Amino acid sequence: MAENRGAIRGLPGRATHLALALGIAALLVLTIEPIYARGRIWIEGILWCCLAVFAWEWIAHLTSAPTVRRKLRYLASPGGLIDTASALAVPSALSFGVSPKSAWLFGAVWLLKLAPEMSGLRQLRRVIVREAGPLASVLAIFLLVLLVASMLVYLAERDEQPDVFGSVPAALWWAVTTLTTTGYGDVVPHTPFGRLIASAVMICGVGIFGLWTGILATGFAAEQRRQNFVKTWEYVRRVPFFSKLGPAAITDVTQMLRRLDLPPRVTIIRKGTAGDCMYFIASGGVDVELPDKRVALGEGDFFGEMALLGANIRNANVVTRQLSTLLVLDLVEFRLLMARHPELAEAIDSEATRRRHENATVTTT
Amino acid sequence: MAENRGAIRGLPGRATHLALALGIAALLVLTIEPIYARGRIWIEGILWCCLAVFAWEWIAHLTSAPTVRRKLRYLASPGGLIDTASALAVPSALSFGVSPKSAWLFGAVWLLKLAPEMSGLRQLRRVIVREAGPLASVLAIFLLVLLVASMLVYLAERDEQPDVFGSVPAALWWAVTTLTTTGYGDVVPHTPFGRLIASAVMICGVGIFGLWTGILATGFAAEQRRQNFVKTWEYVRRVPFFSKLGPAAITDVTQMLRRLDLPPRVTIIRKGTAGDCMYFIASGGVDVELPDKRVALGEGDFFGEMALLGANIRNANVVTRQLSTLLVLDLVEFRLLMARHPELAEAIDSEATRRRHENATVTTT
Amino acid sequence: MAENRGAIRGLPGRATHLALALGIAALLVLTIEPIYARGRIWIEGILWCCLAVFAWEWIAHLTSAPTVRRKLRYLASPGGLIDTASALAVPSALSFGVSPKSAWLFGAVWLLKLAPEMSGLRQLRRVIVREAGPLASVLAIFLLVLLVASMLVYLAERDEQPDVFGSVPAALWWAVTTLTTTGYGDVVPHTPFGRLIASAVMICGVGIFGLWTGILATGFAAEQRRQNFVKTWEYVRRVPFFSKLGPAAITDVTQMLRRLDLPPRVTIIRKGTAGDCMYFIASGGVDVELPDKRVALGEGDFFGEMALLGANIRNANVVTRQLSTLLVLDLVEFRLLMARHPELAEAIDSEATRRRHENATVTTT
Amino acid sequence: MAENRGAIRGLPGRATHLALALGIAALLVLTIEPIYARGRIWIEGILWCCLAVFAWEWIAHLTSAPTVRRKLRYLASPGGLIDTASALAVPSALSFGVSPKSAWLFGAVWLLKLAPEMSGLRQLRRVIVREAGPLASVLAIFLLVLLVASMLVYLAERDEQPDVFGSVPAALWWAVTTLTTTGYGDVVPHTPFGRLIASAVMICGVGIFGLWTGILATGFAAEQRRQNFVKTWEYVRRVPFFSKLGPAAITDVTQMLRRLDLPPRVTIIRKGTAGDCMYFIASGGVDVELPDKRVALGEGDFFGEMALLGANIRNANVVTRQLSTLLVLDLVEFRLLMARHPELAEAIDSEATRRRHENATVTTT
């Protein structure tokens, strides 16, 4: 709920991104003995450069903070902790006499710098917080099945295979690989009773992870829908056409529109192709390329409405003029809207008629 | 959105399909040494024939294009590129001195000719485009877990099993097989810490792929519903019975009808069986086989409505007269429609009553 | 749609069920060499008895059919074909000189006798018919990925592991086990390129089966809902209380009620426990056990409504008097119904008040 | 439906929880030979202590029951049976001369004491009861595929691999591991026909478990929603603000609110962050920390409404004063509510205006 603004300020820039990519690649290569033996200087050179970037970033953050309290607050924030670890982990390890090859592996903490940027992780955290109850329930069932299964299989198999089922903790390893249906096959029950338990565990495993999957997938979808609504709502407010609608219609429209962010000079509509959606311009602008002239449309305009009103072959190219955000309304959603809010359909219809009359040849797509 | 009509024109015909099936089968057999040794002439003969078909198709396309600009446009289109590759890949390989057996394997590009025809692939592409954001989020989480897990397991296992966990890239192979819960079992952690990481990876794997699955499945279902609506809408417009309804009812009806394409002489309704749906004829026609005569119904008519109005045993056979498209309305959907749009139920009811009166014995099913 | 009544008539009775269970168990035991060696007479005895039951059933069906045309129709029906195969498969095999142990294995066709009885199989068939389009799309993608992956891995691994990746058909086996994420581990790529392909295949596998799963699960849920509606609708018509409602309310009620079939002498409500649902009696009857007397409720009555109207501790035991079908209305659904159809809530409320006044001490639960 | 109050009374307290955790840990360690050899006295000491706690709990329950009938009822209840088994299983085993190490493993029944406490298990039981029909259908299909597959693979592989496919029950083990896509790899078909069957089984497996997963996940989600509705409904009744609304609006509100239980001194809203939800206080209280003073809000009040009415930067910290239950209303849900029930939006709006006027500086967040 209360988003941490400090984390956003600490986002790595372009240089940090490059250093991250190079650093992680160098870390991967570092561990391949033959390549490391030959190109040691190069690999370590890259790693030192990356470390320098992260250290510089950390120091810059620290010095840019005006007061000591701000400095401490930065160091205590999640972003600050990651920056500190990124800058100091490898040098500390080296100074404690760890061999260079092992010491550099502490560079894995660099990956944590990506965490605040990944919107997926943020969403996942929100989903886990929201669905904490059911997820914990399923986790508890998972652990219970795990424990019971490993005890039973230990009883069944300990005499047959004392090396792999010699203790309950050893049997737990088998239980995890089986319950997740991974099935490495390094530990497999041989007795009929052990196999019966294993069969039950496999079937439970599918069920348990089905529950888990269902909860996560449903929660993630809901979170997506929620975020989409909040963002689209901002854009819908900028389109004057929608401002005439009542709150019920606006809410419905917001749920049905899909945002589309396009760079300049992208062809949105190609003449002669079949169309099944119309577009509202939330920001930016487009050019409608008619045979004899170009018509420029800007923020708040809409185009492509003919596809929803009967003529489903586009009659002009439409190209973005600049970085634009469009709101797309599909045929299906349009029909549903039309049925629920006839005033919206009328408004689009009258606007389309007006355009056709005003400019007999310049029908926009 | 803007569908490529060139790709549709370039769809392979019956001959190409046959050549494709034969060619791929020959390619599979080609690699089985004993069969190839004996039947080399036959296999290569088939392959040369297939190649000839594809080359001919490619040349026909090129020569049929009227202008040089059109020729170049065809060559640059996805369909044209596939055609070019299909025609030239194997001959080029042969001319560069690759052994015949290896050269023919380039015939695998022939499979690409199927891509434009597979509606599933097109839908999948649209789903991936629409759900690009969440899918990318999950992919990022997947890669992060992969990297972290392989570094950790490398640290845990590199001394124990230097041959399979000797470097982070080698550990990545283990991480992929584990995170997808495939679990080949060729690379398995032995140390307690490695096994702990492996357990966490397996559980993460199920979660991550649950998210992935959920997003894809939800998106695919929505896309299916959208396409179905657009297609059914076309047919609903052809049934005069629905034209009396308002837009809200038409939208609801369109969402509830199911299309059914049937070849001639198929028995749709069998006398004496239990029925739970009624049919509207969108195109084609059917024969109602009454004891004493046959009644022909055509485009726009409906039948089987008695099943929804109380009598649920069919009282006549109904057989398609020609290739027909029917719109099926289920009992459940009918009840829902009836509740929301009483005027529709009344219309069906009055039509049924009219029929019964008009023709006391000729009640249609 | 047109359900085969012949198949229903051909349902096996109690004797056939027993014969099936014994026969299949005997078939399983037959293949265990040490048990078969000792108990051969017993096992074969049971099998001959089972065969006799099935042969008798087949002959009874044939002789009970009055005309030759009916006999032939039975033989050509799916049920008839299964009966014929069940009766004749093993004797034919024995008479052709197959060894007894192998011949009896043809008894596996007996399992088919269960097929018409399994409602799940029928539903699954309907789902597959309805969702044929998307399922075929996904199957096509599956096959395409399979072919492409096996060709690529064949190229990558044929020199490294000629024994298991020696031909494309051999590589197909690997591709199937990997794409389904089964991962036996008997065939595993060793080259870096092969492992890259394998990783891609695993990830595709999860995606493809996610789609498949999503389609099947969604379709199955819809089919369940549909069947439930049709069955519950029949019962709702028998409860006079609902007949006062308009069609919109009845449809809503039908969707919200849950059927419950209970044998006699089951305690539905226990005094002093917390309650969150009320019950309508669609068929059968219940006894309300009050401290001083018993009140009998029959078809069309309802009870337990106090739980929905504020008092959530049950104040009497309620026990079924005979085999009864109850319709259960949950608190959540009741609230939703109340909001949409206030007349229903009023009716329940007034009936509850009437009961309380009429019989101050005999409040039903 | 009829929840067992006896089971709730029998919930283990803090001491039992500690004994459970220690006991299970000791059981796990007990089976590790080297640790057991050294620390035998300690481990068995802990186990005897745990046993003493469970025995004491059992005896306390028995003696606290006033009448013999109550004592017997406790012994026959599920909770009582678990308590009895927990207290007597290990001593009985020891007295029957079982070796201590094996006897203590009967302590696994202690885990059952957790069962009544796990809300997930209770929900799962309800889901399984509700979805019994479809789950049984899928189980039947699962068993049918299992039997047919093992018979077919036995026929295909019995000559090739008589040791692992030597009988149908042996082949069943392979079928289970394959159908659940676990794929240990200890038993793998080698013949082409066997591999074809295996491929079919794997694909079926994914489909069957997709159905299973879909049913469980859908049912679990519905059960969650139902329980949430029932609990939130209780709280909504305590907020006077909602009492002005009609039943339709209350039902909608209840479905849209999310409960949040917070301990004291938690910062709910942080000044300066972006907000997208408002809060109703169902129980407990919060402090709004304004620059010059603190405003205390109690049961029935709401705060944070500005975020939904346009100003999306929070203007004060809000901290819980005591253990509080809040009802959270999201921006998305608020928009939907506003569209459906304008009276609710007006009420919130007028209250917000009143607050601003009444206390120009003390605007709550």
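Chains: A, B, C and D, in written order; residue numbering restarts at 1 for each.
Just so it is clear, a contact is a pair of C-beta atoms (placed from the backbone, for glycine too) under 8 Å apart; a residue touches a chain by one contact, two chains touch by 3 or more.
Because the structure is a prediction, the values reported are computed rather than measured.
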Proportion of interface numbers common to chain C and chain D (over half same, under half different): different
Top of the farthest list for chain B, CA-centroid basis, is D
Counting C-beta pairs in contact, does A-C beat A-D or the other way around? A-D
Check B-C, A-C or B-D against A-B and flag the pair whose interface repeats it, over half of the contact pairs matching by residue number. B-C
Please report how many Å separate the Cα centroid of chain A from that of chain C, as a whole number. 38
Determine the centre-to-centre distance between chain A and chain D, using the mean Cα coordinates as centres, and give it in whole Å. 27
At least two other chains touched by the same residue of chain B: list those residues. 181-185, 209, 213-214, 217-218
Would you tell me which residues of chain B are touching chain A in their complex? 1-5, 130, 133-134, 136-138, 140-141, 144, 147-148, 151-152, 154-155, 158, 166-169, 172, 178, 181-185, 188, 195, 198-199, 202-203, 205-207, 209-211, 213-215, 217-218, 225-226, 229-230, 233, 246-252, 254
Tell me, which parts of chain B touch chain C in their complex? 24, 27-28, 30-33, 105, 108, 111, 114-115, 118-121, 123-124, 173, 176-177, 180-186, 209, 212-214, 216-218, 220-221, 224, 258, 267-270, 272-277, 314, 330-332, 335-336, 338-340, 342, 345
Tell me, which parts of chain A touch chain C in their complex? 182-185
